[in-house]
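Input: one structure, supplied below.
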Amino acid sequence: MAIEKQVVRYGPLKDFIAQGVRVGDTIHLSGQVSVDAAGATVAAGDIVGQVRQAYANVAEVLGHFGATLSNVVSETWFVTDVPGLNRQARGVFTARAEAFGGQPDTAQTLIGVSALFQPDLMIEIQCVARV
Amino acid sequence: MAIEKQVVRYGPLKDFIAQGVRVGDTIHLSGQVSVDAAGATVAAGDIVGQVRQAYANVAEVLGHFGATLSNVVSETWFVTDVPGLNRQARGVFTARAEAFGGQPDTAQTLIGVSALFQPDLMIEIQCVARV
Amino acid sequence: MAIEKQVVRYGPLKDFIAQGVRVGDTIHLSGQVSVDAAGATVAAGDIVGQVRQAYANVAEVLGHFGATLSNVVSETWFVTDVPGLNRQARGVFTARAEAFGGQPDTAQTLIGVSALFQPDLMIEIQCVARV
């Protein structure tokens, strides 16, 4: 069954991974992390800074589809240090609200993981968006 | 691209997290855990009891959308102790069948995680439902 | 709200878990792992072989719906040893490209987990497909 996919690829992993795939009115995004355009980790050791950068990357993927963070309906947070994040919950959720321009209307799941793709990463955010 | 979201918020985390978001015929739910209405952990140390309470909370979220557990199409179980759950598989899957009123027609993924949002939690269940 | 689900069940877990559920044009698959038709682990200790077998199982589920790997839009990889996978990235991504018949047009998320359903499993792949 052939389907029509709109696929967004860019950055250092573009030969292996699409950053986002749209079919119909749903966009699935790859997990976004705190890296810059070259794939280098940003804000090592700083969970608030990593949240900010990860959302900047989510917004960039969505922008390629003409969408924004307001289109996100579900986000799964994979976190390497849950107690550490909880200790900085105020800063983390403020950074999230700033990214969305207010408290977001999203379902959220937060999970502690044993590792992410690169050792310095502290959070990966996987989103589903609707357009 | 503006979309119309139906958002369900309640409970102690309502300023930060929606419990569910519906767009069109799809509902994304936040991960549900074994907590009571005040957010306190229920059934600490008892995986069967935690499964039961988590599904009660899934059902409550769905009820706000006029839906039931029969609308769930996919569930991801994030579990802190997979061998421990396997040792009680009979009780766990009986509790699940009782929640659904029979063996559910859902896709399921079961993953071991290093931590959940609160230390006493043993399982978090993330669901997608269709209406 | 009654919905019409197309449910695919087979194999040793068929009384408990559907391998896939379709509603409308979306298929949610259960996490697929490196097991044979009897549920025994295949390619213990060999991450490349496990990736190959897991995708064979994804393809089998999709085949029951008349779909193929080209219908996958999102895949989440849950991996027990992320550094070990990274050391064999070339073999792993070659096996993935061979399964799809070229680099796939999918969103991908890769997460390190503390355990999978059986101790010898090294990877579990959870997919969403559109038809």
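Odds and ends about this structure:
A, B and C label the chains in the order they appear, each numbered from 1.
As a convention for this text, contacts are C-beta pairs under 8 Å (C-beta built on N, C-alpha and C of every residue); 3 or more make two chains touch, one makes a residue touch a chain.
None of these values were measured; they are calculated from a predicted model.
Both subunit A and subunit B derive from one sequence, and where they touch, under half of the residue numbers involved are common to the two copies.
A rotation of 120 degrees, rounded to a multiple of 5, brings the CA atoms of subunit A into register with those of subunit C. For the pair subunit A and subunit B, the distance between C-alpha centroids works out to 22 Å. Annotation for subunit B: residues 26, 113-114, 128 touch two or more other chains. Subunit B makes touch with subunit C in their complex at residues 25-26, 66-67, 70-71, 73-74, 76, 79-80, 82-83, 86, 93, 103-114, 128, 130-131. Per the touch definition, subunit B reaches subunit A in the complex via residues 1-3, 5, 7, 15-21, 23-24, 26, 28-31, 78, 113-117, 124, 126, 128.
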